[in-house]
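Sharing a structure below in C-alpha cells format, with a few things to ask.
Just so it is clear, A, B, C and D label the chains in written order, and each chain counts residues from 1 on its own.
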Amino acid sequence: MLRIGILGCGRIGQVHARSIKALDGAEVVAVADAIPTAAQTLAATTGAEVRDVEAILTASDVDAVIIGTPTDSHFSQIMGAAKAGKAIFCEKPVDMSVENIRICMAAVQAADVPFMTGFNRRFDPNFAALRARLRAGDIGAVELVTITSRDPSPPPVSYIARSGGLFRDMMIHDFDMARFLMGEEFIRLHAMGSALVDPEIGAAGDVDTAAVILTTTSGRICQISNSRRASYGYDQRIEVHGQRGMLRAENQLESTVEIATDAGFRRDPAQHFFLERYEAAYLAEMRAFVAAVTGDAQTGPGIEDGLRAQMLADAATLSRESGQPVDLPLD
Amino acid sequence: MLRIGILGCGRIGQVHARSIKALDGAEVVAVADAIPTAAQTLAATTGAEVRDVEAILTASDVDAVIIGTPTDSHFSQIMGAAKAGKAIFCEKPVDMSVENIRICMAAVQAADVPFMTGFNRRFDPNFAALRARLRAGDIGAVELVTITSRDPSPPPVSYIARSGGLFRDMMIHDFDMARFLMGEEFIRLHAMGSALVDPEIGAAGDVDTAAVILTTTSGRICQISNSRRASYGYDQRIEVHGQRGMLRAENQLESTVEIATDAGFRRDPAQHFFLERYEAAYLAEMRAFVAAVTGDAQTGPGIEDGLRAQMLADAATLSRESGQPVDLPLD
Amino acid sequence: MLRIGILGCGRIGQVHARSIKALDGAEVVAVADAIPTAAQTLAATTGAEVRDVEAILTASDVDAVIIGTPTDSHFSQIMGAAKAGKAIFCEKPVDMSVENIRICMAAVQAADVPFMTGFNRRFDPNFAALRARLRAGDIGAVELVTITSRDPSPPPVSYIARSGGLFRDMMIHDFDMARFLMGEEFIRLHAMGSALVDPEIGAAGDVDTAAVILTTTSGRICQISNSRRASYGYDQRIEVHGQRGMLRAENQLESTVEIATDAGFRRDPAQHFFLERYEAAYLAEMRAFVAAVTGDAQTGPGIEDGLRAQMLADAATLSRESGQPVDLPLD
Amino acid sequence: MLRIGILGCGRIGQVHARSIKALDGAEVVAVADAIPTAAQTLAATTGAEVRDVEAILTASDVDAVIIGTPTDSHFSQIMGAAKAGKAIFCEKPVDMSVENIRICMAAVQAADVPFMTGFNRRFDPNFAALRARLRAGDIGAVELVTITSRDPSPPPVSYIARSGGLFRDMMIHDFDMARFLMGEEFIRLHAMGSALVDPEIGAAGDVDTAAVILTTTSGRICQISNSRRASYGYDQRIEVHGQRGMLRAENQLESTVEIATDAGFRRDPAQHFFLERYEAAYLAEMRAFVAAVTGDAQTGPGIEDGLRAQMLADAATLSRESGQPVDLPLD
C-alpha cells in the first residue's frame, strides 16, 4: 500500500485524492494546505490527517507526495521531498524558472527518487490510443502534427497577470503533447499571438489567441493553436499526419444524442472543461504514478519533460514578444 | 445514337430529358403530353418535336420510349410500345393492377424489347456502392435489413386519395430496395400504419406513418419504416447487417459545413427531396437504360421487379387493413 | 447511511458493490452467494460480512437488498424482503412467470417498501438525455421509435436453453425502453425471428435474430430489432421520430480516435459489451436507488415496469411461435 | 448568348468547356491549343472551331476568353484580350511575376473589361456556404482561420522544378481562401517547410510539407498547412473560429456508406482529387463568370486577388528560404 501525502488541497489536489480512492494499492495518509479549512475538508473525505507541509515531507509513514500547491511553492517542496527520499508527483509547471527546474532535476537524480510531472493529457484514453497507434507505425513516420486547444472561457485577468502568460500557463500542455507525439526534439519555433477575446488580457501584457509553428531536426512540423474562448466547450483535438495517413482524436461530447430538426442535425457541446474532459486521464495518471513508484511500470513524463516543455514555453513567449523565430538548444 | 421519345413532360419527364442531354449516345427526338404547353416547353429545351403519344409509339425515328405519364396511362403505352418493338423505360408503378402488369410482362417478353422500371434508388451512388460491397461479401451473408424512408412533408390529400395509398405510392420504392439488397424473395409480411401526421390522410383511408416486417424463405428479416414527414429533409437511409458486420448509407446533407456554438455542433439538414437527393441517381439510371438498350450492359430493374414490388405493396396494404400477416406466393 | 445487503455475488452483484463504494450515503454490510468463495471475495473487497440469504433478509442492520441471484430465486427473496420491510432492488427479469410477478407486486405494495427493477438502460446518460429532451417536447409528440440492440456474440447454447428465449432474456430491456420512451402502453405486437447466427440456437427452440413491431392505443409505432451477434461491438441505439424532428443516440465507441488511410476513415468499434457500455448507467442506477430509498427522489422503474416488460416478452415469444400478432391487455 | 473562346485545351480547358455546355446563356465558339490534336478533340466535343490564339483574341464573334494555357503564356494573352476588349477568365496564377500582374491589372483597368481569376475554391458549395454564414455573423468576428490542404500524391519532380515551388503552385489557393475568409489583409507571415515526402523534391529546391502562420492588422491569425501527400484522398478542409463559435467544412467522401466490422467503423476516402472534389465548384465558377460578364452579377475574384495571392506566395517562399518572417506591404 503506497502511502501518499497531498500538498495543496485545492481543485487538483481533490481530483488526485478522488483518483487514489478509486485505486487499489494506494491511500492518502496526510494532507496539507495553507488554508486550514481546505485541508480539513479533504482530510474528512479521505480519512487522512491534516499536517503541515514540512511534517509530511519528513514523515516516516509517507512514501510519496503529490504537489498541487501554487507554482512558487513547488521548488522548495520538490527539494525537500527529494532530500527525504519521497517519490514525487508534481503538477505543471515544475517551476517558472528553467534554472530552478534544472536544480530540482539534479536533486531528484541525486536522490534517485521517482518523479512524475503532471502532464495529464498524456493519459487521456483517446490521446494515449492515438499515440499507441502512432508508435505501432499505423501511419508510418510523422510529418505534421496539429494541436488545437481552446478553453471555454478566459480566467480572471488577475489570474492571467501572474500566470506567466498563455504560453507558459496553457500552451505548455500542448508543447508536452507535441514532444510526446513527435518523438524528436524541436529546434526552431515561431509564435504569433493577439488579445482578441478580451483587451484587458492584452493590457495585462498577455495574449488570448495564439498560434505557433515548430520544426524538428529532421524537418517535421508542428502547428499549435490556443484560445482562451470556445463557446462549444473545451476544445481538445490532435491531428497527426504521417507517411501512410492521418490519425486524429476528436472532442468528447456531452452525450451521443443528436437532434434533427428543420435547423439540421445537432449534437451536444464538447465536455465543458478539464475536470470533465480529463476525468479518465486523471485517474489513469495517478494509476501510472502508483504503478511506477511501486515498481510495476516506468514513470510517465519526468522532470526532464517538465523542463523541456518550460523551455518551449519560454521560447514561444520570447518569439511572440520579439516577432522573431527562436532557435532551441539541441543539448 | 439512341433516339428517344418522352411520354409525359411533367417533373419526371423533364428530369430524364436533362439526364439525356448530359449523356453521349442518346437524344430526345419527340415529346408528348396531354397538356400542350408542357410538351412545347420540353420540346424547346431539348430541341425535340412535339408529337402525340400514338405517333411516337409508331415512329420509325424513335428507338425507345420513356413513360412518365400518369399511372393509368402506363398500360396502353407499354402495350403499344411493345407491339411497335420500342425499348421501354417506365416509371413506377408499372400499373396499379398486378394483373395488368402480368399482361404487360407477357407482351414485353413476346416482343423481346428491353424494359426498365424506374426504381431510381438502385442507381443512387451510395446505395449502389453499399450493394456492391454486399455482393462482394464484405459483411458475409445478409441477416437483417433496415430501410428508413421519410418524405419531408405530405402531398395534398387529393393526391393521396388517388395514390393507391402509402404502401403502393411511397413504400414501393423500399420494397424494391429490400429485394435488391436481400437477393431472396420475401414470403411473409406484416404491416402496421397510422395517420399521425394529418388526420385528413386517415379520413381518406390512408396512413402517413408505417412500419413493415418481412421475412424470406431462409428466415432473413427486413424492417421498413415510412413517414410522410421529416422536418430535417428527405430521410433516405439503409442499414444491412450480415455475418461479419454492418453496412449503412447515411443521408446526404446540404453541405459539409458544421457550426459549433453554445448549442453544440450543428450540421445541415438532409437534401430536401428526391430531385436533389437522387439527382445523381437519375443520371446513372438513364445512362444504364441507354447502355442496356444499345447493348453494352444488362438492363437494371425489369418489369418483373415492377411486378414483385407491386405485389409486396398490395400485400402490405392488405396486411395493414386486416391487421394480419400476409403470405406471399413463392412462384 | 443506507445499509445494503447483496444477494448474489456474481458479475452483476460485483458491479453494484463497486457502484455503492463510489457513492456517498450507502454501504454494503452483508453479502450472500450459493458459492462460498464468491461471497468471500466480494466481502473482502467491500468490507462486508458473509451471511446467508435468510440472515440478510431478516437482519436488523440491513435496510435494503440488491437481488442479483439467478432468476428462479427472485420470487422467494422478494417475498422475504417485502415481509421484512426491506427496500428492494431486483435485477430483471423479476420472474419468468407473470403470475409470480403479480404476487410479488401485491406483497411489495402491501409492505409498502421501495422496489426498483434493474432496467439499467434507463440510466444510461445518453438515453436519459434523449428521453429528457423528448419529455421537454424538443421534437413534439412521438410518432415512431426504433430500437436496435445487438450483443457482440451469443452466449453458450446451454445458457440460451434456460434463458426463456431471446425475447425474455434480451429484448426485455428494449421492451422496457420502448415503454419508457413512448409514454403510452402497447396494444398489439408482431414478432418475427430466425436462428441465423447459430443453428444450434434454433435447435434449442430459440432465435438469435428478431424484429418486432408494436403499436399503441393512439397508433404510435415502435420497431425493435435484436441480434446475438455484432462484430463491431455492443450495438445499442435508439431513434425517435416526432412531429418536429428526430432524436437519436448513437453507440459509444472505444475512443474518439480516427485513422485515415487509403482504405478510408476508420473509427473504433463500439464499446465491447454491457459492462463497458453501461458502466455509467449502473452507477447512476444505484445512485437513483439509494436516493429513492432515502427519500430524496422517486424510484426509477418499479415492479409494475418489470411486469409489463415481461408481458411484452411473453407476447413476443407467443407471436414468433404462432406467426400471428398478439393483442395486449389494456388494463 | 455569351460567345467564348478557350485558350488551352488541356484538362482545365476541358473542364470549363463541359461547364459551359451545362449552362444556359453561353457557348464555346472557338478553341486554341499549341497541340493541334488537343484543340481538335475539344472542338469536336463542343462544336466549336479550332483557331489560333491570335485569331481568337481579335475575333468579332468572341465576347470572352478563358485562359487555361501554361502560366508563361498568360501575360501576352491577357494583354491581347484586354486590348481587344474581351472579358477575361484566367487560371491561377495570373503570372509568376508580381510586376507582370501589375502591368496586366493596369491594362485590364484601362480597357475596363471584366476579369476573373480562377480561384475555383471560392465557388465550392461547402466553402461558399461557410463563408456566407461567416459574413452573416453566425459566429461573430473572425479570430483564427485554419486551412488544411493536401494533394493525394506529388506531381512529377520535373513539374515541380518549373512550378515556382509549393507556395506559388499549391498554397496560392489557400492564400486566396485565407483572404476570402478573413476579409482583412495580412501584414506578416512566417513559413516553414521540408521535403519529407520525396527527397528529390528537396533536391529540386522545393518542399512538399509546409506550414505558414499569418497575421492581419487587427491581430487575427491564420494557419495554413500543405502536403503533397494524403493517402486518404484530396484533403481540403477549413476551420474558422470567431467570437461566438466555430464554422468548419469537412471533406467530401466518395460516398455516405459506412462499414462496421471488428476493425471498427469505416467510411470512404475523400474524393480523389480536384476534378472530383471541385466539380460543382468549377460549374459554379463558370456560371458566375457568365453572369458577371452578361451584367447580372459582380465578378468573383478579380485580378487584384490574383496579385495579392501571388504576393503572399512570394513572401512565403522568401520566408521559408530565409527562415525569417516577412512583412507585407499594407498599400
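Worth pointing out:
Methods note: a residue touches a chain if its C-beta (ideal position, glycine included) is under 8 Å from a C-beta of that chain, and two chains touch if they have at least 3 such contacts.
Please read all numbers here as calculations on a predicted model, not as lab measurements.
Relative to the C-alpha centre of chain C, the farthest chain centre belongs to D. Remark: among chain pairs B-C and A-C, B-C carries the greater number of C-beta contacts. With centres defined as mean CA coordinates, chain C is found 40 Å away from chain A.
Note on chain placement: the centre of chain A and the centre of chain B lie 57 Å apart, centres being C-alpha means. Looking at chain C, residues 231-232, 244-246, 260-262, 268 sit in touch with two or more other chains. Taken in their complex, chain A has these residues touching chain B: 231-232, 253-254, 260-269. By the touch criterion given at the top, residues 141, 143-144, 146, 148, 150, 188, 190, 192-197, 209-213, 215, 218-221, 223, 225, 227, 229-232, 235, 241, 243-246, 323-325 of chain A touch chain D in their complex. Of all residues in chain D, only 22, 125-126, 129-130, 133, 138-139, 244-252, 254-262, 268 touch chain B in the complex they form.
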